[in-house]
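Encoded as structure tokens, the structure appears first; notes follow it.
Letters A, B, C and D mark the chains in the order given here, with residues in each chain numbered from 1 onward.
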Amino acid sequence: MIRVGVLGASGYMGGEALRILLRHPEAELIWATSRTEQKAEMVHRNLYEAGVHFIHPDKITPVDVVFAALPTGNIMELAPDMLADGTKVIDLGSDFRLKDIEQWNRVYGKTHSQPSLVAEAVYGIPELHREQLKETSIVANPGCFSSAAILGFAPLVNEGLVDSKKLVVDGLSGTAGAGAETDTSIHHPEIGNNIVPYNVVGHRHTFEMEQELGFLTDDPVQVHFTSHYVPITRGILAVGHGFLQSDVSRNDLLEIYRNFYDGEYFVKVYDLPRDPNAPWQHRPYPWVNAVSGTNFCHIGLDVDEERGRVVIFSVLDSVGKGGALAGVQNMNVLFGLDERTGLDFFGMHPY
Amino acid sequence: MIRVGVLGASGYMGGEALRILLRHPEAELIWATSRTEQKAEMVHRNLYEAGVHFIHPDKITPVDVVFAALPTGNIMELAPDMLADGTKVIDLGSDFRLKDIEQWNRVYGKTHSQPSLVAEAVYGIPELHREQLKETSIVANPGCFSSAAILGFAPLVNEGLVDSKKLVVDGLSGTAGAGAETDTSIHHPEIGNNIVPYNVVGHRHTFEMEQELGFLTDDPVQVHFTSHYVPITRGILAVGHGFLQSDVSRNDLLEIYRNFYDGEYFVKVYDLPRDPNAPWQHRPYPWVNAVSGTNFCHIGLDVDEERGRVVIFSVLDSVGKGGALAGVQNMNVLFGLDERTGLDFFGMHPY
Amino acid sequence: MIRVGVLGASGYMGGEALRILLRHPEAELIWATSRTEQKAEMVHRNLYEAGVHFIHPDKITPVDVVFAALPTGNIMELAPDMLADGTKVIDLGSDFRLKDIEQWNRVYGKTHSQPSLVAEAVYGIPELHREQLKETSIVANPGCFSSAAILGFAPLVNEGLVDSKKLVVDGLSGTAGAGAETDTSIHHPEIGNNIVPYNVVGHRHTFEMEQELGFLTDDPVQVHFTSHYVPITRGILAVGHGFLQSDVSRNDLLEIYRNFYDGEYFVKVYDLPRDPNAPWQHRPYPWVNAVSGTNFCHIGLDVDEERGRVVIFSVLDSVGKGGALAGVQNMNVLFGLDERTGLDFFGMHPY
Amino acid sequence: MIRVGVLGASGYMGGEALRILLRHPEAELIWATSRTEQKAEMVHRNLYEAGVHFIHPDKITPVDVVFAALPTGNIMELAPDMLADGTKVIDLGSDFRLKDIEQWNRVYGKTHSQPSLVAEAVYGIPELHREQLKETSIVANPGCFSSAAILGFAPLVNEGLVDSKKLVVDGLSGTAGAGAETDTSIHHPEIGNNIVPYNVVGHRHTFEMEQELGFLTDDPVQVHFTSHYVPITRGILAVGHGFLQSDVSRNDLLEIYRNFYDGEYFVKVYDLPRDPNAPWQHRPYPWVNAVSGTNFCHIGLDVDEERGRVVIFSVLDSVGKGGALAGVQNMNVLFGLDERTGLDFFGMHPY
């Protein structure tokens, strides 16, 4: 059994890690931390009588792997000792995501104290970095929008099919993405019938997208990303627009995507039969509620042949495949398990 | 492995059975029927590439157990042959729920053709009928509101603590309870900011509540039940009001409830520490979103000592513990498995 | 023109008063207060460029009428001076709602400093107290649930048709009722798919209901009230249950209600033709979204003849007819205007 | 008084016209048609006891102006006779929106029978075509997304500031935009926690956007538009992305927008003070719920100076400023009234 600790378990990301780890057949939860020592159900009612009691972070003991859901800058300070003890670190936050330290310092407004760990860390998308993940002890779990946009655009950029300087992404997030702390923008009376744009330019996930898509091409990559909250609780849709550099059809692209993700269990190229006369339900684009609560990412697309544009739809759950569940998938890779272990369940219908 | 068939798999109830049965470690899905032969994901997008293809009901083959999610009156016609073949039947519908055939005929506006099967059938609440379920081959899975109200009121009625002729229940249901067929009342523009009362007197589940609570007392039982749709997708809350016949405190009642459900894994007496100064989050009543998608039922309560009233809150998912997941729990009982098999996962936070 | 001031204009109740008063043809907004002096649109985006700038409460000047949306206990201190200056006071809060001072002290956990003003104040439901309102200078605008439940039960209690000691009310409120201050219970990720019971016994509005219904009968009145938030923003539904003391039909009761509210423009007895085979849309119970944003209250009902119960549905907007708009209606009465002035617009469809 | 008729009053667009026209001080509703002759409240509960009874379209009588909310192709057949009778026609549908008949035929899959009326018709955005509107008798009221995107991009395109061949628009619509007919995509259980892409390439409104923006520049214009339903009932947000052709700051652009819309009452350039440390509520982008139910359009923007992109946020209500209320504004222009007549009310907060 893998002995696991969760740092910062009272937030949504840490709580989601608990939900899965408590039923993971190869993992054992040793501790979960919170500044307030109390039963987990005091904040996560879904864990009522699950037997989890938060401990103060000062009281942690050695484990095989730590999931860190901490404010930016915290885990980088703790990681060196943990790694020295043989503990693997899966950072659900942003301390190790950007390879360019100067950029990280600028984007996060802090000075990174552990550049060497950044070099060791592997960006936690197994579909792109599986082999490196097997060799590392430190995982930089991606941002939620980053996961969606990178998985959505990767095959296109990899093939050089679109103008990589003009990748446009509108991100639509459920409010879980805003976290557990209350804020007027996420106050129900304000957002219940609303759409709230935020971080509309310069969103920090932009740099992850540019970094990871940049690894797939020699061309310069610019992502034009804008994010919004919509009144759903979980799940995000990244809508990507690219300007095609040559004539390709929807079917051509779907084939390219299927090949790129061939053999991947958690990333599915979504393509229900397309019949303009069929009921809407059968329309071939992915729906975010089908993957909410899961580790799946569904990707669909279409082409405006008249105007030379491709539109990509990439859906996942911000605390699922875009967060803690991807973290568990990464743990499975790190420990040589089947990647599906503990994650092999379907979404709900309806959700 | 238990060989399973699902009749009527294109609706929400049948689809939910599929979701769980496909990952049940002791069950194998042999077939799932629908009048339209197509891939399951054409209606249940969560099952994308799950490998399920609906067959026409004419093509079914013998299995160990059938889950029936059919319109009223259908499974009663098919059940005798199935039972004769040694197939157990779990009716997710209403054909076998009411023991009083005259009442059934009146409530459903049909003539029941299989009164002897009604006598054989066991009402599928293991917490009340576990021993009989072990002996039967035919299960009448309860209505969603019935499950919630019966579990919520059972300890009170069992102890004779309230006026059993004046049990008031307001049922609040997510729209999944209305089923997959479109209707103006469930059209999003109509219900997105609305509350829709329906079946406000004489709801069919009333009779199940009266029947099952009546088994627990010699006094006459009358349930005054009114149902409403609220704009959540899954989950129901049954709010029950009872007039106390003697002075009991909230703590007394909680103790009675804990004893009544002692040892039950799926029914939890919900009682977070009650502190009027604590944030609302810590208030001690159950929240329906903590059990959505699960087989859990959380029950909480409070007492108005000044006016002699107890109020009960019973939450569950109408297609979970109030539907297909309770059906799977019943299957587990019928086949001698641990009741948690295939059902031992937590709800989500947030949901 | 009536010169108007609004005390506490940054909350939802005060903001709603502004929305209407700014377009009221017989009123002129002189000032609106907030502790933060800023443009109104900094909190009420609907008033973008409406030209309202909040002033600090220390800077108010004499006006003809003040709307007070202040924390409990504040307006009672300010009112004597205002009244002495000839300013009428419409309290949208709770300082003057309960005639029994001892009860008020107990319910609000404070000591009331102005019992004589309580005696002068008129409870602001014109449909019940129109003549007294015409004579007073101080209005106790009712609580939102109180308005709904009192209007819903008044004809029944007035006629002595139900057991007045066993009036059960489940109140379902949109989140606007919780106010503008953030709280975990109203955080969108927590309530987006949830129903949150709160103040489940002893809700302060209970006492208003008992007081006002008590004026209509010589029998003792007990209201058994429980409140919940549902994920809609505006509007409340009060579901009332009463045990009938004699046989009356739904049609009898509708007739009694129509007579009771004969000539009332803002309270409508709701009764679409009832046809069990008609689409749900035509079912005869009121929908809260039809009155959201308005000063209307729609009341419907049905009777369970088998069990001797009547169920009442009373819908209104908690900041509309259950709040600031009723306040404007009261202002119209106080100043001898047509009650519809400034309030004569319809709700929306869809909402 | 202007004598008004509404053709197709049982849908959402026709119902919204009724709501406003019934209280328009200079208009009198003479008739409203529906294939089913019944009281308006049978479909529009907000109009309970408003005294409107639908008549069959065969029974209409001459009026001064007709609002047409009919399926594509219907009003073009009726308009010639109406115009000959001196009746003005405001088409809330799409019969007269595209000046290029060949394009119309291709986009709508029909053959237009009245090209000469298309030439006479004026596209109903007063902010762009006020003078022509004063002279015409036939108005082509714009599509909802078209209104939002055109108003949002017009100043930019007019000034030649962006690459007009790469205008990207993501449209997010409330479900009212889907109309009153039920469909699985808008069934509450399906969309309550979902985002539904539809008409993702080739949406018909694209051509209106290209036509109207094309009038403002000599450069070729291409709009890359994709639409989605989000689970709000009313209101749309058009998010526009443009690639800047020169260095301009956010403040420069806001100034250009303010000048472009100088003197316009219903189009507001939205710009709350921008302070990165301010609560989110004060962030300077428009929120759709502030204009829902109104004739306002709020437009905000920001610039990614590092990547040379401008992002535009344009919000309005699809049946308000993007539909029937814009129709009433157009009526006011046609009849020489103040444009605000009947439309001068604020949105709600909260909504």
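Rule of thumb we're sticking to: a contact is a pair of C-beta atoms (placed from the backbone, for glycine too) under 8 Å apart; a residue touches a chain by one contact, two chains touch by 3 or more.
It should be emphasised that the depicted structure is a prediction, and the values quoted were computed from it without experimental measurement.
Visitor: Count how many hops through touching chains it takes, at the least, to reach chain C starting from chain A.
Guide: Contact-graph shortest path, chain A to chain C, evaluates to 1.
Visitor: When contacts are scored as defined above, which chain pair ends up with more C-beta pairs, B-C or A-B?
Guide: Ranking B-C and A-B by C-beta contacts puts B-C first.
Visitor: Calculate how many whole Å lie between the centre of chain A and the centre of chain B, each centre taken as the average of the chain's C-alpha atoms.
Guide: The separation of the two C-alpha centroids amounts to 35 Å.
Visitor: Whole-Å distance, chain B centre to chain D centre, using C-alpha means?
Guide: 46
Visitor: When you check chain B against every other chain, which residues touch at least two of them?
Guide: 12, 174-176, 183-184, 189, 192-193, 231-234, 281, 287, 289, 350-351
Visitor: Would you tell me which residues of chain C are touching chain A in their complex?
Guide: That would be residues 12, 174-176, 178, 180, 182-184, 186-189, 191-193, 231-234 of chain C.
Visitor: Taking the touch rule as given, give the residues of chain C at its contact with chain D in the complex, in rising order.
Guide: Going through chain C, the ones touching chain D are 12, 15-16, 19, 22-23, 41-50, 175-176, 192-193, 233-234, 268, 270, 272, 281-282, 286-287, 289-291, 293-294, 296, 298, 344-351.
Visitor: Sort out for me which residues of chain D touch chain A in the complex.
Guide: Spelled out, the residues of chain D in touch with chain A are 166, 168, 170, 172, 174, 183-185, 189-190, 192-198, 200-202, 222, 224, 226, 228, 230-235, 237, 239, 241, 243, 279-281, 283, 285, 287-289, 292, 302-304, 306-307, 309, 311, 313, 315, 350-351.
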